[in-house]
Each structure stands twice: as C-alpha cells, then as structure tokens.
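Below, chain A partners chain B and then partners chain C, in two separate complexes.
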Partner chain A sequence: MSVVSKGDKIFITSLLIPTLFFLSFVEFIPIIYALLYSFTSSSTFNPTINFIGLNNYINIIYSTFFWQDVINTLEYGSVTAIVQTLLGLGLAILFKDKKGSLYTIAKALIFIPYALPYISVSLVWKFLLDPQYGAVNKVMLALRLINDPIDFFGNPSNAMWSVMFVTIWQFFPFAMIILYAALESVPKDRIEAAQVDGAGPIQVFKHVTWPYIRKIFFITLFLRFLFNFGKFDHVWLLTGGGPLRVTETLPVAAWIISFQQYNYGVATSVAILNLLLLIPFLLIFLLSVYRER
Partner chain B sequence: MGEKVSRRNYLKYVGAGIAGLAVGGAIGYFSRTPEVIEKVTTKTETVTKTVTGVPTGTPTTITTVAPTTVVTTVAPTPTVLKRLSMLNEETDADSVAWLKKAVEAYEKENPYVKIALDSISVTEVWNRITLDIPAGKAAEVVTLPYFGSAVTLATQGFLYPITDTIKAVNEKYKGKDTDWAPYSRLVIEGEDYCFPFDVNTMILYIRKDYFEEAGIDRAPKTWNEVIEFATLLQKDTDKDGKIDRWGIIWSAGRNNANTEQYIILAWQHGAKFFDDDFNVVLDSPEYIDNAVQALETYKKLTDLSPPGSTGFSWPEMISYFTGGRVAMGRYTGGRLTKRIHADNPAIEDKVEVYPLPQVDPSHPVHYSPQDVFAVVSRSVYPDEGAKFLKWFIPSRHFINFLHTVPTHFTPPIKCIWESEDYRTYAAPGLEDLVNLLNRHFDADKANFESAWYGFDLTCEPGNVYYNPFAGAILGGLQIPDMVQSYLLGRMDARSAVKYGAEEIRKVVESLKATMTIKYKIEAWKGR
Partner chain C sequence: MVDKKIDISLKEIIRLAIIIIMVLFSFLPLIWMIAASLVPEDILFRSIIPITTNITLKHYNYVFSRTDFTRWYINSLIVGFTNILITMPTATMMAYVATRFKQKYPWLKAFGPFALFLYMIPGIVLALPLVLIFGYLKLFDTLLGVAIANSTWSMPLSLWLLWGYFENIPPELEEAAFVDGASRWQVLSRIIIPIARPGMAAVSIFSFLTVWLDYLFALTLIRSEANYTASLGITWLIKEYSFAWGELTAAATLMAIPSTIIAFLSFKYLLYGFQMTLKGVR
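Moving on to the complex of A and B:
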C-alpha cells in the first residue's frame, strides 16, 4: 500500500509541472516534430506537410547506404565507449590515493582534451596524422616502426580506426573523472579489511571495489555510448564520412541528406531510426539499473 | 510564527503567480515601443544682407563672404531601427575586416540601419539560408559560393531583384551590358537577381626552380604532359630511397575540390552531366566512354600525388604547395598566391601561374565558376538589403574588398576590372595587397579573361539554360563518391560512372519532386 497520500501526490506533481513544461519544449516537441516530418516529403524549399506514410522509412531501409551506416554507427559508438571507459577506469585506478603536486598536475593535464573545442581537436589531429607533415608519421619513421608513412584518413582500412582514436583521446577523461570519484567512494575500511585477510590487489578489486563501482561503470559506459552514437563533429571534420563512406555514420548521413540533398523528410527518418536503434540499449540499461535497486 | 499555508492555497498562489507573469510578460512584449532613432539635420545657408554704409549714406549691397551657418534642428523623425543580416562566406581575415568597415560606413550614413555581419564557412552559409528561407527570416544580403546556388534560389522566387545595383555599377564605371561576362548575370523578366563579385578559373601553379632542376623548360599544356613531367619532377631530396617531393598534388578527398576536378576533366574529355532539360546524361551511351576516360586520367594524376590524396581537400592543396612538397598544384582562383605571399614569401618569385592543361589544346575547355552577392526575398527587409548592395558595390568599399585577396577576387565585369580604382587605387592598409595584385597582373588577367570562355556546372558547354540543380551537385558528395569508388578499387571505371550518374539522378529527381521551379532561365551569354 502506498504511503504517499493523495494530497502529497498532487503536491509532488505540481512541483514537477515546471520541469515537464520546460522539457516538453526543449526535448519532446522537437522529437515529435521530427517524427512528424519523417512521414512527409518535406524538403528545404518546400516545407509544407505532405504525408507520404512510411515511404521514407521503406526507401531508407532498402537503400544501399543505410545498413552500412548502421554498422558504422554501432562500431563507432560501441568501440569508442568501451575503450574510453576502460581507459578511464585504468587511469582512475592508477591515480587513486596518489598524493603530491605531480599527480595533481597530471590529473589536470589528462583532463585538458575534454575541455578543448571539438573543431580544434579535429583539426590538430588531422594535421598530426597527415601522411607527410604529421608528427606521428615522422616519429614512427624516425624510430623505424614503419617503413612508409601511414595514410590514416585516406585509406579505407585505417579511416574508421583513426576517427575512433581521436574521439577516444578527447573523451576518455570524462570516464576517468567519474570513475575516479566512484573509486574514492569505496569505504577504505573494507579494502583494509580485505588486505588484512590476505587479499591481493586483483582480489581486492574484484571482491571489494568492483561491486561498489560496477553501477557507475556501466552508467559511464552507457553515457559514452549514447554520446558517441549520435556524434557528428569528429567524423564530419576528419573524413566527411569518407573515403568510400566507410566512416559515414547515421548522424552524418542525416546531415548530408538534409543539407546536401535538401530532403528534410528522409533526413528526419534517418534521425528517428538512429533514435530507435538506441532504444534496445536504453531498455537494457534501465532494466539493469532497476535490478540493481 | 507565520500562518501555515495549505497545499491547496499554495497551488493557487503558484498558479496565480505564473499566470500573472505570463500575462504581464506578454503585455509588455506586445506593447513595447519600437526602437527609434532621431534624425537631426544640420543645414548650411548662405545669407545675403543689405547694409547701409554710414559714411556716405549710400546704400551698399554686401554679400557676406563667410557663410552664416544656420543650424536647424528639425523635429525628430522617428524611424524604426532596421536590423539586417549579411551572411558572408569569404572568411579571409582581411576580407572580413574590410567588409566590416564597409558595413560601419553604411550604418554611419544610414543610422536607421544596423547590419550584423556573419562570416561563416561556405557550407554554413548555404545551410543557414536553406533553413531560414522556410521561416521567412533569412539574412537579407548573402554571398553565395556558386552562381548555381543563386540559380537554385532564383528559379523558386527566393531572391529579390537588384537591378538598381547593376545599373548603378554601369553608371559608375560607364559600363554596358557587353562588359559583363557570359554566365555572370541572372536575368528573369528583365530583372537582375545577383551580382557576380569574382571569377575563379582553375589554374596550374608550378615551381619553376623545380622544373629547371629537372631540366624541364616549359609548363605542361596537356594532361599527358602533366603526367610525364610529374614523373620527372618526383625527387628523393634526403636520399633515403623514398620520394619526398612529388610532381603534383591532386586531391581526391570526399569534398568539392574533388568534384571540381572531375567536372573539368569530364568536359575536357567530351563528357557532359546534364542536357538542357536537366536530365543526367553522364552515363548515356553518348558520353559514358568520355566520362570513363576522365576517371582514368583522374586516377593517373592521383597516383602521382603525395600519399593520402584520398583524404585531401583545399587546405592540403595549399599547404603542400606553399611548403615546397610538390612541383605543381592546381587551384580554383588565385587564393594560393596570397597564401604563398603570407606563408612562404621566399618562394614567391619561384612560382608561376599557367592556364589549366587540356586534353586537346586545340579545343580548350576551362572551369571558371563565379561567386555572387544576392538579396534573399524571404528576409525581413529585402528592400534594405538591395539598398545596401546598391550603395556598396559601386563604392570604393567594394574595391577594397576585392583587393583583400588579389588575383582571386577578380571581377568578371570589364568596366570594373579595367577601372583605375581596381588597378591603382589602394586604401591605406591595402597597399601591400594591391602591389601583390599588380605583381601578378598576368594571373589576374588570365583569371579575368577566363570568365569569357570558361564554364561552370550551372550552364555546361553546349547548354542554353541555367541548371537549378547544379548547386546541389557542386555542394554534394555524389561525384567524390564516384571518383573514390574507382580510385580505391571498389568498382571499375565504367561501373563507377554508372553509380555516380545514378546518385546524381536520385538527388535531381528528389529535388524535382519537391522544388517549385517557377522559371526556366536562359543563360546570360553577354550581349
């Protein structure tokens, strides 16, 4: 039986109304609008609403580019999220309980990429990874790690990995900071007790630390996946979705269809499909959080 | 202690408060006074007085030498302050700075107008316009990256006539219609809809010192010669057994540098993209062999380019040439001249500019697109935008703007290009760039003359009408994807051409289904 009275429910609801009102403007209305447009033949120059049912969706699903873009998006979103979170966790463990000004400076330096504008990061890395001018190739050639310069963004075999590398580099500090805070919340007496009982670092992590940070770890992983899944800027600035569309993700495809083919209807359909693809992951995440409770 | 407020009353108070704020805000917003400016004029009058001379008593008429200044403060004429926008795609720092000066000067002369100058990238300009047009709140004045973009907008009635600007230019420079290059005017029912501020022909830059070093005493005139010379010009400068200086840079990234290169090669090989009814004919039996040959030439050039070409765009074309990594480079217009002057002036006298090589020099075809100013009709104050252009274009502010990127901002209008203003006048602060323009007079002349024999996709060789879909293809990725499909081995050349043509066809069909083409515009051929 609920312990909340009817009056309390009304009171609580009244407090939620301003938030819901605000959210409806900034989130729900644009999504509903996009959904509406996705069933139309609306274009840049003809924004009138002309419903064409599921035609846009059917055309997209049967198009040559769509499934390749879905695979690219899943690959880009998941690999970057997993590596960022694991790298963040590793560094958080490394820095945990480390005192001293050098560690403080190192922590601050590691966080810098996250604070940089996307466009600067993309341009700097494009230059660093240039086959002829890029410092990365020059260093590797000097160290005789490679015989010929690597074409990071122009070669279809390397392009996606190169774009993923830049995204990982910029956003792993986000995971590190969150997981560092989570590690700090693990009670020290539990760790000390385990150590007194003879547990090694791996056992301490597995049986004491991990249960405490597991939930935060998966939230971080999910958030990174969510952010990277819809990411446009790095991909567009580094490769424009090329070469041969090997780095074209769904957000990039939506942009191209909208602004280079002037077709809002199809572009919003791609955006909605992008959103729909996220829903299973969202459900898994919500289910796991619910179970944790 | 205060009286406890019940939840019911609390909700009432909150609700009443929110409603009060909303109603008050709405009343305040709708009853606000418009922004006004007061116009104060100063009137100068010469006054004639009759003075009686005292000594002789003879009346003498004296006209006062110093005019009496009568300051009349007229009753303030309230005028609503009009806030205009100008979207500018020319983001060179000098261009932005001198446009800003022009805007400030106009605002000073017209205190009832404020112009917000937005200098953003080429693609952003087009995105902003296409997003704002449906809302009816596009920027009044825009620079458009391709003449074709103006055609796309004008055919649907989205541009505002600027015929007065064209007339004002002709009056100022004593020009006539024959002074305007072919494809430089967009005339619908007697009204002009854009002003072409520059022509950028595709040209070949060469390092003459590298040529001399390789024993080559002339610039290539054909693509076969380019391929032959580029092979000779490759060099291993540090003797490590690897080439580190290449014959040519030929970008093949997923961008419009790639698009332009394929277009000119296709034309020179005899292919065509559209017929005059705007049907895609690139893969038709008549043209497919030529289109395939163009793709093969493209590949040969890319193979001689530094590794990584399939990721290159405009910045690499500039940096590799200015950095001395290549012996030949191509650019559309003379912007590279300014970059060399700014980034590596030591090589300035080692660089020469030549017309783009041909497939068949006896039947030359040149690529010479133009950039334009236009006024968007679906803006708040299109009439004020047109007034600004009518003031700006015939003024020295426009000449200053042209001087900011010498040999690139070459006007395709003879009376302006030949004017003293363009050739010799240099505003304080622009002397260096005007000197640069005059040092490279030949390049500027070649650029100017190309406007008379060059083409862009908006009206291909042999066609009569402006193509409203050209802007979409020039800004799109269909051609780069086609080129890359062949270069990177995904398809053979013939299949790649068919694939590219089909992709272009899809975009055109999509546009045909959604655009309301109000006008089929005959191309200006110079009269």
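Moving on to the complex of A and C:
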C-alpha cells in the first residue's frame, strides 16, 4: 500500500468531497459571510453590503456593554468549566472500581440531565427556583433557612450564579463520565505497587493516579470552557441576558442586536469577536494536547 | 452463595451517602417535572412537593388535543433523523479516509484538531449568516434547513469520534483482503462498514441528540408555527399559557422521554467509547 494508485486517488477524493462540500457550506461560507457583513452597516430586515470599514468594531470596542459582556462570557465559561470538572472528578473518584449494577444505574441516573433538551432543563429550573411557587424557596422557607423568598433569576446579584448553576447541573455528568473512564484506565498494578510500598490513598492519588489522568483532566476542563464560551441556549432561555444585562454573554448580545435591534452588521461583528476571543484559548489547548505526540 | 465480606466502614458510608445525594440532585428535578405534569394545578401551587393520589392526565390530553405539539414533536423527530442521514455517512467516509491515508498525506493528521476547532465555533457565528444563506437557497424556515444547520455541531463531533474508532481497527484486516484482490470499495463496504457499525450507531445517537437538545438554530432559522420543533413549541406554550405549569411540564416530560431512553441505553456504550478514545489519546 505504499504507492497511491489512480484508483486510490479517485477513492479518496470521492470519499472526501461530500464532507468537504458540506463543511464548506455550513462552516466556511457562513464564517466568510459573517466576516463580510461585520464590515457593513447592514440591517437584519434588508441585508445589503454597504461597507463602513472597521466602524462596527471600533464602536463596539469603545462601547460600555462590550467589555462587560466579555467579562460575563469569561466568567460564565470559566466558572462553569472549573466546577463541572472538579465535581465530575470527585464523583468519578467515588465511583472508581464500583462496577456493580446498582452503581451503573446510579451513574446512568446522574448522566440523564446531560441528554435533556435545553428547553426542558430551563423550564424545570425556572419553576423550581421561582420566588413564589418554586419548590426550592418553599422548602427553604419551611425550614426557616431564609425569611424572604430568593429571586434567583430576577435579582441582578443572583442571576449569573443561577444561570451558571443550571449549566453546571446539566453538563457535569459529561466530565464525570470522561474522568471515570480515565480513572478506570489507570493500571491496577501501579496502584497496588504503591500500596505495597505503604502509600495512603491520598499519596496514591497524588503520585500514581493524578499523573496518569492529568492530561484528560485538563482536556475536559478546556473542552467545557471552550464549549460554554460560545454557548447561547442556557443564558437565553433562563434570563435572556437580563436583568440589567448582568447575564448577557457575547452570543446572547449578538442575537439581541440582530433580532431585536435589527442591526445585522453590528451583530455579526460581535459574533466574530466572540470567535476571535476564543481562538487564543483554543490554540493553547490544541498545542498542549497535540505537542506531545 | 459466596459469602461476601460486608464492608461497612465509615468511608463506605460516606461514599454511598454522597452518591445518593448526587443521584437525587440530578434526578429529583426530573421527578418533580413528571409529578408536576400529573397533578391538578391547585395541588401543585399549594404543596411543596407535588405528591397526591389524585393523578390526572388532563395536562397531557390538553397538550395533544388543543395545541400543535404532536406536529412539533414529529417535526423534531424528522429533523433529528434527517441530521443522522446527513452526518453519519459523510462523517464515516471522511474519518475513514483520514485515518487510513494519513501516512501518505500528512496533512490529514491535522484532521483531529481541525474537527475539534469546528466543534468549538460558537453557534451564533454560524446561525446569523445561515439566515441569509438559507434565504437564498430556500432553506430558511424549513425543517431541512434546521437539520443542516445542526450538522455544524454533529458533524465535527462525529468526525472526532469516528476518527478514534477507525484508529482502533487494525489495518491488517484490510490488508488480507487486498492480498485476495479486493478493491478499496469492496473493502469499505464488506469489511470496514460492518466493523464500524457500533461506532456509526453511536454517532447517529449523538447526531440525533444534538438536534433534540438544540434551541439556537431552531429559534434563529424557523419562523412559521407549522415548522416549529418541539423546543420552539414549548416556548410557544410558555408565551400562550405562562402559568399553566401542568401543560408546560407535560410537554417538557414528553421531550425528556427520548433523551432519557437514549441516555440510559447508550450510557454503557458511551463509557466504552470514551475508554477507547482515551487509549488513542495516550
């Protein structure tokens, strides 16, 4: 198989073309379009290409909302990623070496939220956390933990934490599964050897397990961060970016500017900036993962 | 009977307690949702936890008979299966070529990080221009359009998963067939695809789930009520009956059913898949 024959070339080309065609249609052309329109003063109703140079970007960078949105996006992305991954690791450690069917059912039950539609998740949590009717407030009032009901999504000082909480609730099972798989792949003989040498559980984790799963841990952390950095659904469904824009992340801002303020040019600029801000993190990630190969 | 040593050390009790708390943490909201959909509204508003013997199916009945939810639900299924049809064959072909010819064409090695990069592109960056592009192509406000748009997530993920999968199929299997004079096409259809079937099934499940969970693309690319997906349908219900929690939780429960089944059935396989992929990473 060292020589690629003409037949092979036809084979390769005909297998690659459908995907490449498709990817260019749904990924590359849209990005070029977004970039193109980000230099225009186009409206959403009537998209026309009337170039205004870098004006959109300059206006956005000097606007008050943008930097707050960047901070919100970074906060949302990083806090959810860190908590999910640590929570996932903690549970993975608890489940390590537990393969009984009850444990499998427990793992599967914990995993279910990850597969739920965003609309169902947001609906349930908006109800559970409702200040008037929500079960959480009712329980806390009944137990006298609080005197007045907490407005989780309506109060500006709680809203971001509440949105992050729901995001973590839905996504931490992913971290749990990946890290559980990683823990199970740590060679048993190394752990036993360390135990024979008199190492306690903490020392075994620190010197044997952790070096083995460290890479997977950081991959998971970064994947969750990058994914949540561009995530629209939870914020939009739970708060719509409010109250007082305290939960407004860049994807939500772009959507609002496009479909509520009808300013397509500015909206595509914000979306492009969202992508550009993500790229340095992505490069760090890819370089650190693939460098060692 | 094997006489198992019963380990009731404090450590085990704490471990079990935390696991039970986490299962409740993940699962109680779902139980609450199902319960809320089955009890009369006055009980739901009065009680802390909606438990009663007075179970009613009227909320479900209402959702089915008085709204278009059935149609929206079917729309979501159509979009999901269309997405599988688009993603699965193309991703399988590309992932296979990329793994088998990477010695010959080293640029194919950039394939893994490239798929990951595509997966990380914020949905909004694609959703905004797709409004225009689909407008030209008469795909705006169609189910096919939403299925295609969702492949921006399902395709990179499928490519990445299948990449790991094909890496684990030893090339010796094919080489024997080549020695026997089989063509590449025969090897692909008679050897590779049968072996890759579990991987392709997993990818199909993921593609379906992507669509089933999606909100952004449906919200951005669908306008007419007849083409709503179930997610948009629930949003419509929220707007129309903002405090009809019974109906809303009934619809949300109906949407959670396929997800829960998929999560339960695919869980063990998924775990195995991750373990295989992690072997590849190391």
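By definition in this document, the second predicted complex is superposed on the first by the 267 of 293 C-alpha atoms of A that agree within 3 Å, B and C clash if a C-alpha of one lies under 4 Å from a C-alpha of the other, contacts with A are read in each partner's own complex, and residues count from 1 in each chain.
Here, a residue touches a chain if its C-beta (ideal position, glycine included) is under 8 Å from a C-beta of that chain, and two chains touch if they have at least 3 such contacts.
Fair warning: this is a prediction, and the values are worked out from it, not measured in the lab.
*Asks:* Based on the superposition on chain A, does the combination of chain B and chain C result in a clash or a fit?
*Replies:* clash
*Asks:* Who does A:I12 touch here: chain B (first), chain C (second), both, or neither?
*Replies:* second
*Asks:* Could you look at A:D97 and tell me whether it touches chain B, chain C, both or neither (first, second, both, neither)?
*Replies:* Once the two structures are laid over each other on A, A:D97 reaches no partner at all.
*Asks:* Output check: A:F153 vs chain B and chain C. Expected answer is one of first, second, both, neither. What do you get?
*Replies:* first
*Asks:* Does the superposition put A:I256 against chain B (first), chain C (second), both, or neither?
*Replies:* A:I256 sits against chain B, while chain C stays out of touch.
*Asks:* After lining up the shared chain so the two structures overlap, which partner does A:L278 touch, if you call chain B first and chain C second: first, second, both or neither?
*Replies:* second
*Asks:* Regarding the shared-chain residue A:Y133, is it in contact with chain B (first), chain C (second), both, or neither?
*Replies:* both
*Asks:* Among the partners chain B and chain C, which is in contact with a greater number of residues of chain A?
*Replies:* The larger set of chain A residues in touch belongs to C.
*Asks:* For A:E192 in the superposed arrangement: first (chain B), second (chain C), both or neither?
*Replies:* neither
*Asks:* Which listed stretch of chain C (1-9, 163-171, 217-225 or 253-261) steric-clashes with chain B in the superposition?
*Replies:* 217-225
*Asks:* Quick check on the output: what are the common chain A residues between the chain B footprint and the chain C footprint?
*Replies:* 7, 11, 47, 133, 259
*Asks:* So in the complex, which bits of chain A are touching chain C?
*Replies:* My answer: residues 1, 4, 7-8, 11-12, 15-16, 18-20, 22-23, 25-27, 29-31, 33-34, 37, 47, 91, 94-95, 103-104, 106-120, 123-125, 127-128, 133, 135, 138-139, 142, 169, 173, 177-178, 180-182, 184-185, 215-216, 219, 226-227, 229-233, 236-237, 250-251, 254-255, 258-259, 264, 267-268, 271-272, 274-275, 278, 282, 286, 289-290.
*Asks:* In the complex, go through chain A and note every residue touching chain B.
*Replies:* 7, 10-11, 14, 41-47, 130-133, 148-149, 151-156, 159, 239-245, 256, 259-263, 266
*Asks:* Which residues of chain B touch chain A in the complex?
*Replies:* Result: residues 7, 10-11, 14, 123, 126-127, 130-131, 133-134, 156, 158, 242, 244, 252-255, 306-312, 316, 319-320, 323, 325, 472, 475-477, 480-481, 484-485, 488, 490, 507, 510-511, 513-516 of chain B touch chain A.
*Asks:* Can you check the complex and tell me which residues of chain C touch chain A?
*Replies:* 15, 18-19, 22-23, 25-27, 29-30, 32-33, 36, 44-45, 48-49, 86, 89-91, 93-94, 96-97, 101, 104, 112-113, 116-130, 132-133, 148-149, 151-152, 155, 159, 175, 178, 183-185, 209, 212-216, 219-220, 230-231, 234-235, 238, 245, 248-249, 252-253, 255-256, 259-260, 262-264, 267-268, 270-271, 274-275, 278-279, 281-282
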